[in-house]
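To start, I am sharing the structure in question, which I have written as structure tokens.
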């Protein structure tokens, strides 16, 4: 069954800014955790009520709030209110059918991306929408479910004493973007493998209907992924152009790096598209070639035996007056013909390079 | 019968700004209703004469005038005059073959869109041209016919005490645009379903000529829809760029939201186009594959039986001197050949993977 | 015979600005008429000598000069000199292989378009180059031949007392452009009909080689027309951008209207191109489908009768020792086989959906 | 043998600005001629040494230096030094694999074009690189060989007393550009003829393998030409944008004219590309159609005669007990079948429109 | 085995700016050499420790540092620190999967390119990433391995007393870029040869499955190369736009020259793509044509002999009452038919141009 590209008519008719979750519910609970860190301390805790957040507002340190699971729309809505986030942004966070985008608001920056989480066995593609809200000293991340996507980053905050701990919230936002875009390279690698294996099948072995199905599966996956990856280039370009004070000058070079990565991923995917198109051409040619093969076999068999059968037909007639029938060597002469005709035809076909 | 893409030569030769209705007449009567609302009141009435409008001109509240049915061109013309709308704009309102567009005039903004009305059974596509004229404190909406397109909005004005009631005419215009663009998601969903069902047919079942017809129907529908949807992106971008005082600063973020939705719809439709192209490729390949199948069956039958028939032909000849005929075991030996030759050929075909 | 897209090497080697007519001569004579009008008067006359023009120079009224037939290059040249038109512009007027363009000169504006004249039977496509020179109070129109293209406009000048009579030369130029662009809608309608009829043929009836020829004819016509229509968008955009004082502010809204029309025509033609491409796909698929049909019939006939013929061949052999020949029921048993084998094969083909 | 698109690795490894000729040597000798003219005089001479040039430097008149043949790289290098032309420009002049381009230097303008020289029999395509250096009062033209390309211009200088003689060096440069671009129209005409003749063959006659080869030849020629023609648009646009004082205001209108011509040529070539693509489609369809024809003939013959042969086979069997054999009218009845079966099948095929 | 387009998931999860080598290790050792030169001296040495670099910092002369082999990431990292190069740039240098790019930093310019090294036998394509860091008086070049890529340049520094020795570090950077881009012309030439040889095969000889494989190989190589070449245009354009003081005014004209070369290479590759697409079309047509040939042979054989065999079948029947059997000339008359029918059919096929 083909996966649906788009399903979001569910919300049609609701007033704009409605705080309703749109999308599959991956987990019933909405879990909020908090990571607070500065040059000299880190603190991790799970938030039970939003009131727990109040003390962090005063602090200078960077506070990272991770919201996992979007089913509890009301809780997300209150969190949005707490940080004075525009209702339309909260609506976008809750609707997991967003196109990747970057929005610059007065008090905060809003980024939506699709992440590809490498789960368990390496590079399996599992889409998840990740929304990032960057405020002064706060980074809010909204995810569809609890998974290990951000674990490497939390780990780095815990252990490292380097750049990450000493730079501000904008650097944290960058680090999240970098993690997500790096995740795409996994997908690119697995697509690369799939395309190469298809090419090997098409060029060396006989392609079958299954090859066609595999081609179509990869093609469709590409169309799917391109919708998520292509806009990231614009997102990064818009961030680089942004003159918001929330992004410090020294973070820009890092954003440019993520931007380069996004372009590389997008170009790889475009290359795959070109390659798949030429593989499809080869598939079609192979099918035609095989038809040619089949028809040559038929033609050779038919062209050789049909005239011979005609000859046997002649001498199977029952006319009273057929002089050859009585000639003693007629039968052997005919056998001569039975040998000469096929040989002549085979030579003719050989000359035509059908053999 | 294919639907006509374009028929508007009817008006050729008329002077510009001619107040004539161009398009199918969906209803004979032109019905004008009025919704007037402010933070604390709402009023709904049907207008009998244009004079009824005069008192609303003085008021501060938002007055929404809905014109349903465009057959009475003269009435629409007078309404235009009442609000000092340029005759060319009135002409555009009356001609239902407009391309979606946004025009900025000194006293008003003019927006034309094509709406897709979800009627009765969910997502049936019925096109209707909706023209919106935004003046200070007034919003004029011109529709081809009376339907429930705007009902959710009127309902919200009646019941809500929220944003919609407290914000100005520009927010109302936004709400109308949002309603129309949201309606496209319905169409996208139904197209998505159609494309997925086509893909399943093509990949699992044997595609028939009907599959081709269905493909072509969806393709044509896509070409049709793209003409209406693609320009909406430009319309929204032009509105966002507009510096008209009729659009307040705080409404812009809502317009940007509609703009995002329009881009998402347009990108979905482009994805469908790509997918349809690859489905067409698969259809063509499937037809070729089936021809291969047919030819293999023919070739196998012919290649096996034509040589055997030749053999029977030989011993059906009536030569007087054919020594084998008299040999007692000849017939049985021949039967041996009749078994060995097919088996050898079948093995050969198996090796060629034709079986 | 395919129509030539381009023939203009005739002038190669001549100095630039050479006053020579390039193109087919549609009529030997070059006829100059004049329409002079103001709010309160209209005057129509045929010009015999250019001296007749002198008095109109002084007047405030709008003077429209229509030159029909370009064979008398020398006369056109003198007219150009009279109005101080740059020789290169005169050269462009005389060369009927121009690309539609807009040029802004200090004293005048120059517009070249290709018109499609709806002659006699409705919408027959006949191309004609129309050059418009807009000066202060003067509009010069140069046409390849005398026809009724501009008649509706002259009629409107004669009868109306409205906008056309009271506004200036720029409005007249607009009215001419509007007339020409409106003419394209005729062509779009007739193309629409042709495309729809082709689609019906392809989807319902069996397409033949004639369908292919018709497809190619329409495709070629589209390529042809697009060359004339596509640049009109740029022409109109350039006019709208122009800051020439020859175009009054209040005329701009009218020009924008023509521009919208030109975009609509161009988009229709692009849609046709997409539709034709998909019709070509269907044609190719239909041919393949039919080949499949033919091959199935052959395969079914051959697969059924070739084995049966082999069986008859066996018992037509003349071996002395063939025990079955003597068995009384052998013949009837064989008839049993003659019925069972075809039925089994037919069932097999039915299962394969070949029947 | 296909012509090589590109061969310029010859110079790889040499230092930049190396004064070496790259390209085929068309003539061993490098010939320098000079045409000096003003409003009242013209002078033509052949230069023996560069010292002959010194007096012209002081004069106000326009001096046109034509260098034919680039084999003597050292001489070209010294000429470049004489006029203080940057070594990289001299290198570009000597390397005949340039892409058409326009460069603005402080003391001079540099233009490289590919010319198509109409030699002897009208429109034969012979490529030649023409480099133009425009200095104050000097125009230097570098050509690969001596031919009559510039003769019409020299002739006009000799005879005319008009614009060419009275305007400056920039007008001369324009006249050369105009001559070269006009030359492309020849090529467009001959391509037009080739394309039309191909279309006629494809639509009326049976296309053969030769038609395919001809299609490919024209297609390749188009790809070739487009590489030379397409950049000329940019060249002309860059010249029009240039604010160099070497181009006078009144010459710009002429350059715009050349620019229009270049756009027309490029658009024609794009049209040809579209047409060729659709001709290729028709070729492929024709081949498929013919295969259909062939298969129909085979199927009709086989379907009719294979069942009949089966019938004859039955009554050619040698069973002892075959009652029909003894019935007197059996043979005639069978003949009836021999007539009825083909007629029924022919009718069936006719209904299927195979006949 | 198809070459992998992309493999860089190796670094996913590492913190940004991590000093780790990503890519195949071509050589274990990282070798640093130094070329220091001015107008009057050159010095070449191999660096053992980074301390050796200190004296060169003070000098006015140009110091060129060549790093060959990137396996010793730590050494590269220290070199970067020595010159105060941003860690992200060092990371890019060490990751050999970069997209060609140009970055402008405050203290230095950073350029990454893919080089094609012409090794041994002329034009063999071997990709290598070359990173160039341009500082004041210093040029750092990082290469994946030790090869002769830069030898011509070192040679020129040693021997020449010209431009290269007297101009600054920016000219050296230009010379390196020029060398790399010139190297692409080699590749273009060898692709040109490959494409031409394919075209010859396709147009004159019978294309086989191997031709298809060769086509696909070249196509894939093109996609591969385009990824490296296309961005070089942007790199050069960005360098030309850059206002960095590290690039002197007089070097810009040289950069423009490299830019022109890059555009030429990219356009050649685009042309190849067009040509390959049309060769693929020809391949497909050839396969179809050959199928036609095969089917014609089959049809001619079958159409001639099947009716004749039917005739022999008739007179091989054993009916008791078959009057013709007894007629003396029947057999000879039948022979007449055996000659007349094939001749008539051959004539028919000849008329159809099947022979």
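General observations
The first chain written gets the first letter, and so on, giving A, B, C, D and E; residue counts start at 1 in each chain.
In this text, a residue touches a chain if its C-beta (ideal position, glycine included) is under 8 Å from a C-beta of that chain, and two chains touch if they have at least 3 such contacts.
All of these numbers come straight from a predicted model, not from anything done at the bench.
To fit its Cα atoms onto subunit D, subunit C must turn through 70 degrees, a value rounded to the nearest 5.
Averaged C-alpha coordinates give centres for subunit A and subunit C that are 42 Å from one another. The distance from the centre of subunit A to the centre of subunit B, each centre being the mean of the chain's C-alpha atoms, comes to 26 Å.
Listed for subunit D are residues 284, 288, 291, 295, 298, 302, 306, 309, 313, 316-318, 322, each touching two or more other chains.
With subunit D taken as the origin and subunit E fixing the direction of travel, the chains line up round the ring as D, E, A, B, C.
Taken in their complex, subunit E has these residues touching subunit D: 118, 123, 152, 156, 160, 162-164, 174-175, 178-179, 182-183, 185-186, 188-189, 192-193, 195-196, 199-200, 203, 253-254, 256-257, 260, 263-264, 267-268, 271-272, 274-275, 278, 281-282, 284-286, 288-289, 291-292, 295-296, 298-299, 302-303, 306-307, 309-310, 313-314, 316-322, 352-354. Chain contact summary for the complex, subunit B toward subunit C: residues 1-2, 4-9, 11-13, 15-17, 86, 88, 92, 97-99, 101, 103, 105, 206, 209, 212-213, 216, 219-220, 223, 227, 280, 283-284, 287-288, 290-291, 293-295, 297-298, 301-302, 305-306, 308-309, 311-313, 315-318, 322, 324-326, 328-331, 334, 338.
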